[in-house]
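Listed next: structures, encoded as structure tokens.
Presented sequentially are two complexes of chain A, the first with chain B as partner and the second with chain C.
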Partner chain A sequence: MTVIDSRRTPLTFDSIVPGTGLAVALKLSRADLIATVAASNLRGRGGAGFPTATKWNLAAAAKVAEGECKFVVCNADEGEPGTFKDRVLLTEYAPLVFEGMTIAARAVGAKRGILYLRGEYVYLRPALDAELARRRKDGVLGAAIGGVAGFDFDVEIRMGAGAYVCGEETALIESLEGQRGEPRNRPPFPVDTGFRNQPTVVNNVETLAAVTAILAKGPEFFRKLGSERSAGFKLFSVSGDCDAPGVYEFPLGLTLRELLEQAGGTDAKAVQVGGASGVCVPAAQFGRRIAFEDVATGGSIIVFGPHRDMLAVAKNFMEFFCEESCGQCTPCREGNAKLLEGIRMLERGECSTAYLRELRLLGETMQLASKCGLGQSSPNAFLSIVEHFPDEVLGRSLAAAGGTR
Partner chain B sequence: MSTVKETRPGTDRAPVSQNPRPLTYPPDASQSIGGEVSVQIDGQDVKVPIGTSLLDAAKKVGVHIPTLCHHPDLRVAGVCRVCVVEVEGQRTLQAACAYPVTSPLKVHTHTRKVRQARRHVVDLMLSTHCGECYSCKRNNNCELQKLAREYGVDFFRFGHVKASRIPKDESSYSVVRDMDKCILCRRCVRTCIDLQEVGVLEAIGRGHETRISTYLDKALADVVCINCGQCINRCPTGALHANDTSDEVWRAIDDPTKHVVIQTAPSPRAAIGECFGLEPGVPMTGQLNTALKLAGFDKVFDTNFTADLTILEEGTELLVRLHDALVKKQPTALPQFTSCSPGWVKYLEHFHPEYIPNLSSAKSPQQMFGAVIKTWYAQRNGIDPKDIVTVALMPCSAKKFECNRPEMDSSGFKDVDFGLTTREMAQMIQEAGIHLPSLAKSGFDDPFGDATGSGVIFGATGGVMEAALRTVIELVTGLKVEKLFEHANIVSVRGFEGVRLIELPITQVASEVPEIIRKHVPSFDFLKGVTLKVAVAHGTANAKRVMEDIRAGGPFSECHFIEFMGCPGGCLGGGGQPIPTSPEIRQARAKAIYAEDAGSAVRKSHENPAVLRLYTEFLTDGPCGHKSHELLHTHYTARGKHIG
Partner chain C sequence: MLVGSQQKLQDDIRALVQRHGRTRDALLPILQDLQAKHACVPDFAMQVVADELGLHPAEVYGVVSFYAFLGHEPRGRFVVRLCRTVSCELARTAPVARQLENELGIAFGETTRDGRFSLEWAACLGLCDQGPALLVNDRVYTKVTPERVHAIVEDCRRVFGAHAAQTEPAAHAAQPALAAEGGVTP
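On to the complex of A and B.
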């Protein structure tokens, strides 16, 4: 996947003066601070769309063990294929991201912050470290931040090691603890049993930057954008068969067609929304909205032009999941391998329709019974491609098998 | 000797029986006294304490949910996904073993989705599983096989591996790894890392490439495996099993020139009934003796004989060490550690080799017996020791390694030729067409005869200590143990608590030292006013805790004598015992063992007439004398953590 990060639209973040959001936050009580975020209707930008204020409320109420503290973790693992918007944020708006972490710490009462940085982004490290040093010097990190007695918070950077699953918040925490990056059972959730078994808020880079914007400009501004259940603006990483790939900002709720018009991809035959773990939307459904209530995405939009072989697309995604499954639970570990094997059979025209039906049921099982979001979403692309492009999938089977099946 | 004070070690680590990452949710829910929540499972309402797993809640109303990666001794994993159920209001299915109930829920355990998921999960496991049940050690006692039957697997939906892909690792004397049959439930990993804290096995690789491996993929014989076999006992399939030498034993039985004797340890008889469908805790001592004779063994001896012998040797060694330290003021390695558990011994050799001087030099009862059989017994009966084959029926997989230690040949021959596990013996008995439970009882053969109750309790954690105390107390104080402890039951050393520390102030000593040990210790006066401190630890995780405490100069460093057992529960929970195992099963076996002790005519090792005869006829220079040093004592190897 080619990675492009040229910005295609003006970003709201350009208009935020660093420091304004935190200054507002420090004037509010912790409860009012969370209420402000709640009023914005902000939902997590990492993909799952969990309401940020709800997460913070749970963490704020959770108890800390003696001698321990709460944590705020910024999830900068950005591993979803076709996603590169967090990199833009970390490159150009790092002050807003760290400010968002500090606001989150204030809200939940955390003392330590960790930026979990995707291994490949190690080149950003010197700049990020310099920004942290600058913030400590300015008194917006460290002891008694902004002169508020007892508000102590600092951030450290930890590097990921290239496993996609480590973007899943509990696997991320295992990895932070020095274990194999494997997701935990949930519940308990990180908000009460997270890093070192202490209450931990894990938020996406963009979520935290958005928090800063919300505090700076007020929740109303944010809530007015987007749809009723999907408030605010959102960054999109658009790649694939379009004229202008890059990072876009749109209010949530726009249709795929609107997005493709901007990116110059109106002749697409399908769009993969949400990366490898997202769904494949065929041209006939380009009227669908990008929103949590319709097709959700953490930001990844991959455009497939008319010449694309959709079975090859499905195969590409399945190969990715076979490599990236942590191998812990049966449905995902073995199921992805079976789906990939099935795709290979389809390619060769060796997959009977009965077996394809079984594989679709297997996909359902994986969605239902896998331990974490990876296995629960890994069959999505395969299932939607089989559903929307039966001719490309089965046609080849019939043709290659001489129409005997 | 009037008060018995029990202290608990002040460690910040959880006892092994506890889940290191508690399932209870929210984490402080367990403390909220009386907090209950109601769940509806398949239409039945039940109230359970907050934090109870859905699996346990279902059990309460008699709803069976299948499990595979779940094990009562291990922390929750939630990885196999065979236990998934539908919780109303949840988009995905939930693993019942890993889902704590914290609010009222409605649960359905056999909807279409659930049945489909379970069947797929079993199908997927079978698709990578290479094994033929009829040639498998776990045939008829395999959780995967059982699931396949219960969940209606009628064909291999997603294929099946026909040819072996992974060579077996048969390098270890004790444990065979047949990874063709592994279904990656990781119970062995959790056993080795969390329960035993040895850390030999770990999952490596990702996705479909995931497999269970050892450090640098080395053979099991070349890593720090202590041969405890606890992983075998918790593996749901035939992927792990003991290194079975029963065919060689059959060959010896078939060979008319061989005199094949078997010694049986206390724990197998308390458990072997389980292999014949009996409830745990039904002792089979007499029936087993009959069965072994029927199977073709020439003589059947009771390992308890050498357990009693061990007490005299190890007890004398302790008195000598105390005398050296307190009277001669010599630098002496104290506390003295027991050496009868070969898993523990190898653990110490790998992880704490600098403490080897603390290990009693006395061989284990198994090895003592081998040496005595190939010397005294051979002489007495005019049999050439080269024609004797000694077999040991043990609850333990590490005993197989122990009998193959190169230094175990003091009789001039291999002291013990073969170690067999309880499971392997049950198999041999079945092969001989014998139905164990319906046999008549019979006794043990002479010249060793029936041993004492002290020998029997070696099978349970705390048993060696209790046996040693019965003898040492009586010899040192000159008082009958029954005077000090009701029915001579020293209950403070019993139980399944991970670590126990007991203090026994010695207020009175005997005026005379028994003749048999007088040359080592001329008088007991030096012990008057001394508080004897002893401790018991079972399972290497607890042993590790005690060793760390000793290193740090904590309360255990002031002990005089510590009993260590490699396996949780002691030998009755050994790696050669019937599968499955659980805290309840081990409790039941312990009951059987203590019942046999209580029913014994002689209950103190130093009163065992056969042992006394051995000292008068053969080991004439007494316990820890020259001859016994040659035959009954051994030395150890500092192995360290980096080997191979």
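On to the complex of A and C.
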């Protein structure tokens, strides 16, 4: 039986003994616990890069309604095209992920945890359920965790049902509440008005595992890695035209070229950083750094070899967004459809430069006017591809239309 | 729908409400379990669920129609979902898609007339380093080639045969007993 092992480099998580992080956390006051995470400079690994300690501080300070409780949600909806590192974490390092949830619960005073697992990952569920059962037996979930009176916390798993937008944290909460996964207006933010209108921390799988590592090895170890504004190690999901696709761990701040050397893709003509909602970086810019201050990413790196048709790539992404837009707001619902139509015109060689300019303006409007991150970022790939590959995009003949090859 | 099967559906729903609770946040788990057992959430079931949870049926319909994994049309016993996102496309999804259509005799979005197979497109399955990737129910197949498609389909047919021999067919989420090469047991 084949086992899917995507790991291509050793991971820091291999060196973390489960239980160590939580043991350290239980010895700290809540304020000191959050201060430790703050000292690591950890920023969210789900894409947006929000400082984790800041989020926890807000949730810790937020008030709970009578008879209700705070929640910690692990966002395991991993739907960004080209991302699969959370699958690896949930398969190989689930104890560290659940431990991170427990540490988060300790920090903010949450009683309930929810792992929101995308429907496509249902095959991971039996092992995750078994791990939860094991943790209850070992007393690291349930009542008085670690013998600390009043520290009660348990985790349940809820399944997604095939909707990318449910990875957006407010859509995720809507979904948990039995609604269509339509993002909410923000503010209020989940940290004070989340699941059941109670304070809710939503963190990515990798963020939570990193918290466990930070507690176990100390914040200094983490902050020393990476760049000034992008601390720590990060997992990258590398796919596409390279010799060794898979999951890599690097400190943030490395250049795209350095990453491509590791994965065997130095002849690439472009790399999509950050998945469908990220940007397409051409070879001339491979000296750019993967970091929040330069090219940000939740970890998706898709490599395009010299022979690829970049317009076909843009089309694939735009089809994805047309399918996955929740349709709630006009810029996104109509805008994505218009951009896709424009890409089809370009494909047939029927798009004037003036109309292409209109499309670019539309894309910029969507970035500004869409309600959630999906519509705000869906034009990115199209915009960066027409910017960097004008000669591939304009003046095509019908014969060139087709797949990515 | 026959009265007997309506009764059974009603009983199933009551049991699910018992298990997941009568609150609004139980709606999705209830619908997911119904989908798994009955291969769809029929209109009649939406009505019953709405009554049980004190909702308007249109709200239940709104939820069922939102999620790709739920639907009111019956799906096949085996739902084949092929990733159509970019990394898999680079690894050549197109010939696999074509061969799936050939082997099953249906197009994407359709269900075979015997109710065994549905063929669907999926968004990125999180197996982008192993494409082309597909799911059959909750089983993963990676690095699929057109040549392997036949074995994957046959794998399912064998299981179906085994289940069909029983008087009461097992749950709809039947799994192939044997994985083709590259199949991964959960």
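Observations, loosely collected:
Please note the rule applied: the second predicted complex is superposed on the first by the 390 of 405 C-alpha atoms of A that agree within 3 Å, B and C clash if a C-alpha of one lies under 4 Å from a C-alpha of the other, contacts with A are read in each partner's own complex, and residues count from 1 in each chain.
Please note the rule applied: contacts are C-beta pairs under 8 Å (C-beta built on N, C-alpha and C of every residue); 3 or more make two chains touch, one makes a residue touch a chain.
Everything numeric in this text was worked out from a predicted model, so none of it was measured.
Once chain A of one complex is fitted onto chain A of the other, the partner contacts of A:N185 are limited to chain B, with no touch recorded for chain C.
Residue contacts after overlaying the shared chain place A:R196 against chain C, while chain B stays out of touching range. Of the two partner chains, neither chain B nor chain C is touched by A:S40. In the superposition on chain A, contact of A:E324 is made with both chain B and chain C. Judged by the touch definition given at the top, the superposed model places A:A163 against both chain B and chain C. Legend: residue contacts after superposition of the two complexes on their common chain; A:V238 is shown touching chain C, with no touch to chain B. Once the two structures are superposed, chain B and chain C can be ranked by residues of chain A touched, with C on top. Once chain A of one complex is fitted onto chain A of the other, the partner contacts of A:L176 are limited to chain C, with no touch recorded for chain B. By the touch criterion defined above, A:A337 lies against chain B but remains apart from chain C after alignment on the C-alpha atoms of chain A. When both complexes are aligned on chain A by C-alpha atoms, chain A residues 163, 180, 323-324, 326 touch chain B in the first and chain C in the second.
By the touch rule above, chain B contacts chain A in their complex via residues 21, 25-28, 76, 78-82, 84, 92-93, 95, 98-100, 102, 113, 116-117, 120-121, 124-125, 127-128, 157-158, 183-184, 186, 203, 205-210.
Note for the complex: chain A touches chain B at residues 62-63, 163, 180, 184-185, 187-188, 192-193, 197, 321-331, 333-338, 358, 361-362, 364-365, 367-371, 376.
Within the complex, the chain A residues that touch chain C are 1-4, 6, 78-84, 86-87, 118-127, 158-159, 161-164, 175-181, 196, 237-241, 245-247, 272, 276, 302, 304, 308, 313, 316-317, 319-320, 323-324, 326, 403-404.
Touching chain A in their complex are the following residues of chain C: 23-29, 31-32, 62-63, 66-70, 81, 84-87, 89-90, 94, 122-131, 135, 138-140, 142, 179, 181-186.
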